[in-house]
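Worksheet for the structure shown next.
Per-chain residue numbering starts at 1, and chain names A, B, C and D are given in the order in which the chains are listed.
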């Protein structure tokens, strides 16, 4: 493993994170993809600056607002564009300059054009041939089965809908059974049925021990296939790891919890007696919004308090623990 | 399944009269059919769309884009008829298009023009005199959230900014009805929130009926109050969203401890209809789904948690999410038709 | 509510006046004009865009150069004539013949600007979702192209005509005598503008890529010219020969100008020239043919 | 068709399908029919010119080599790689464990494979039409042989140079047309020095060299003979070197290309 370099992680003011433990954000024991001090600039536009992280097997979501350098990073990892400084390695091989690296990973890019004059089967088979697979037909058939595209395999790509194109692109990226899958907005343009299927595929590959790095914008869907996230803001690493733990780390934002009960006023006043409660708000619909510094004990206390005061509890939910809330905290300036 | 999205609250403004008796539906189709060669894109579609924020759903190739083009009077139906704002699409296509806005899904903006110049031009193309067009374009671009960028070339715009310009050109001529095709596609989370809020403003504040076609069901849930699902060119389901009876709802509980112990304890309170959720979110906390939402059940859950001293991470009732409604209506495995729309448009 | 249009007594009032105005979205109460306005707007907008207004500077270079070239072709002979009275002067009928290359490049640059971007960047979807028909779109683009071409054919010519009259000893009487030349100049510019404009537009309607359209227009003009010239070597019988001129755009424009002014070109490879009507007919026929092709290419709706 | 070729040369077959599927082949086919058109005209009225002069000077040297050949190869060669870059489908080839040089070579092979039959068909048909009326005999056949061979070398050389251009600049087609029409035909005539750099000159040298001198002297005297023509061997070697250099540069360029 290349020597670990101290990553001078300067914490942005809006997100007070308890000290960054490991110098390089290690997400697993045996890393598959390693980036060290990677930067990319176009003239005076700095797209990515001094990025260091490593990703292991399982599903990792690459998140970040538009223009944050997220897709530039994915393009550098896949070898589409060269980095200005730093090293990138996929299973110890550099993505640019060594064609052998392309055996180890498959890329599903967000580019929509394909070869309209080829049929789905021909397209996937061509990818198998270019990967120098011994049995291209067999590999093609297996990949098309996985993405359930047999019914349209012999139709021309020109007539494919957006969802069908996404799936045949996945088949092409899978045909050489790579250990690593890089996917740029794979759910873009798929309809709910296709999306449910694609999410299931991603989860299965994750369980199989493959390493998946997936960039996406629709966080409510990311929650359904990834627990590990890598957030890039303004070209810098904002956060890495399990998003629940990350939420814990953001301790300058008190946890907001929403409750609905039979007697909100009574429950509210009872809760105020607890030392860890910072504030209680009751909106016109009678919902309670409680801010607490110690979420863990709060959840344990509430049932007891309700019973003592004979208040029926209808709803209790963290108002800002969803990936969307965590993301919005991380991206603020 | 997915957490129900929080609704965006926007103050209600009086909706202007559309020169239509209130009850009359904004869009009506009578066994509307459209065939491209052998492929049937729309199959005897009967629709009555009220004046509301309408979600238009359906798998890729289900006929959504074809329907929108027909309603805009851009293509002629093979058989049957359709009327928009009381005007027949076949005969009065021009008049309809003067009072209807359309935000297409694909990239349709000229890269080598400035936003203000182009939106102003589009206003003129809808009959607004040159003097007013410039001023309205600047106003509308400001309202969709573009400040000084509106005077820069579109080619430097991010996806989010381009979507805003597309929305601006759809509403600049103050239409009574607006079709929005995948308005939030490709936008980052904060961009999506802003765009959904804009769409609600267009509906509530500007009083325009909105037909929103999107694949992201969460957006539909947050904005629309009426939904239409089309599959294979046929109407599969249409009706208001989220108005299902309370007692049919299941209760979803997430605890931070051994689920079996919790379920046994619950049994002592006489609650047996409990199962462990499998699909759902990737979450560290096990999720239990309890049968039906009567008061006794809520108390039982509360008391079980209090007895075991277990942190009750989440407790909420859940109507069938729109996604379930959608998947049942469309039966996930529906064979995907040769998508006629793609061919029809691409020349 | 905001006080509509009244004088807002801010300064003088005794502090009783204070109003917050609704800056939010307002409905449009103004007048709404019909298709005519939309077509007019599209024509003027297309013309401005074709010349590169509100675009990066590179789009403005070629049209500007062509205007300069056309301008020089007029100013220089006038200048010479002003100083050396008896200098031989460029005749009206020779003018188009000499600046045909400038005209060709100009048209080959602006015609693709008119059509290709709308197709390649899918802006057509927006245009056809507005209150115009596909026919309106075509008319606006054709009229726009012709008008633009006129600015480089008619305007310099009229200036040249005016210049020559002013140089006469009694300009006013000269103007009356040479009025005949003026209307011939106008006719010549109009027909040529529509002829070159429609051919270039037709070619541009086939592709979304401007570079290909420009290339094909130039190559088309060249190949047809070379083709007709090569044919003259092959075809020997005299009565077929002149019809070959119709194939060659440069020759066609030249012969038409000469015919219009009652001049005859010296005996060229194309043998004795036909009547001016033949050439006018050929040009207008080409215009009609091009419009038909564009109609077929754009109008069939679904 | 030709499925057996997919396995050894996937990129080649892909490009052949690309040409077959698109407008390129139809446009190129139409252009390569031009010589046939002239052949037909000649057949219609053969009296006007002697066959050798017409086929050699009018059809082949002035019409074909000067304008048609560069344009035909240009459309195919710039399309082969240029379209993939513009449509952003190139990563399906470059992000694969194969050498970039092989991609360039297979793309070029596809261009030659598509251009050659069309060009040969056009020329041969024109030749037959022109010689239909006269007993050509073996001596006339040397014209056909010379035309096809030199055309082939022209295709390969133009192909590799135009492919390199399509990798270097964005609007390759426009640049190619300016190169072919302005540089080679117009300037070539007035600035003799340019000959050393123009592929057309070498192609013509091969053609002239292959014609045994007596037949050509008789023809050349009538038209404009090719000044300081190189020997066939020299011309062939030069074109080969030019092609190899262009292919090498294309491979290097493809390695460095940033596919935004």
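Keep in mind that, in the parts below, contacts are C-beta pairs under 8 Å (C-beta built on N, C-alpha and C of every residue); 3 or more make two chains touch, one makes a residue touch a chain.
Here the structure is a predicted model, which means the values were calculated and not measured.
When chain pairs are compared by contacting C-beta pairs, A-B ranks highest.
If you average the CA atoms of subunit A and of subunit B, the two centres end up 24 Å from each other. The distance from the centre of subunit B to the centre of subunit C, each centre being the mean of the chain's C-alpha atoms, comes to 46 Å. Subunit A and subunit C have Cα centroids lying 55 Å from one another. Annotation for subunit A: no residues touch two or more other chains. Interchain contacts close the chains into one ring where each touches exactly two others, per the touch definition above. If you check each pair of chains against the touch rule, the ones that pass are A-B, A-D, B-C, C-D.
Against subunit B, in their complex, subunit C makes its touches with residues 24-28, 30-35, 37-38, 41-42, 45, 49, 54-56, 59, 117-118, 121-123, 125-133, 301-302.
The touching residues of subunit B, counted against subunit C in their complex, run 16, 69, 72, 74-76, 94-95, 97-98, 102, 104, 106-114, 117, 121-122, 124-130, 132, 136, 139-140, 143, 153, 169, 173-174, 201, 205-207, 344-345.
Contact residues on subunit A toward subunit D in their complex (touch as defined above): 75, 78-82, 97, 99-103, 107, 109, 111, 113-118, 125-127, 129-132, 136, 172.
Residues of subunit A touching subunit B in their complex: 64-67, 151-152, 155, 158-164, 185, 188-197, 203, 217-220, 223-227, 244, 296-297, 299-300, 302-304, 306-307, 312-318, 322, 324, 327-328, 331.
Considering their complex, residues 6-7, 10-11, 14, 17-18, 20-22, 87-89, 91-93, 95-100, 255-256, 258-260 of subunit D touch subunit A.
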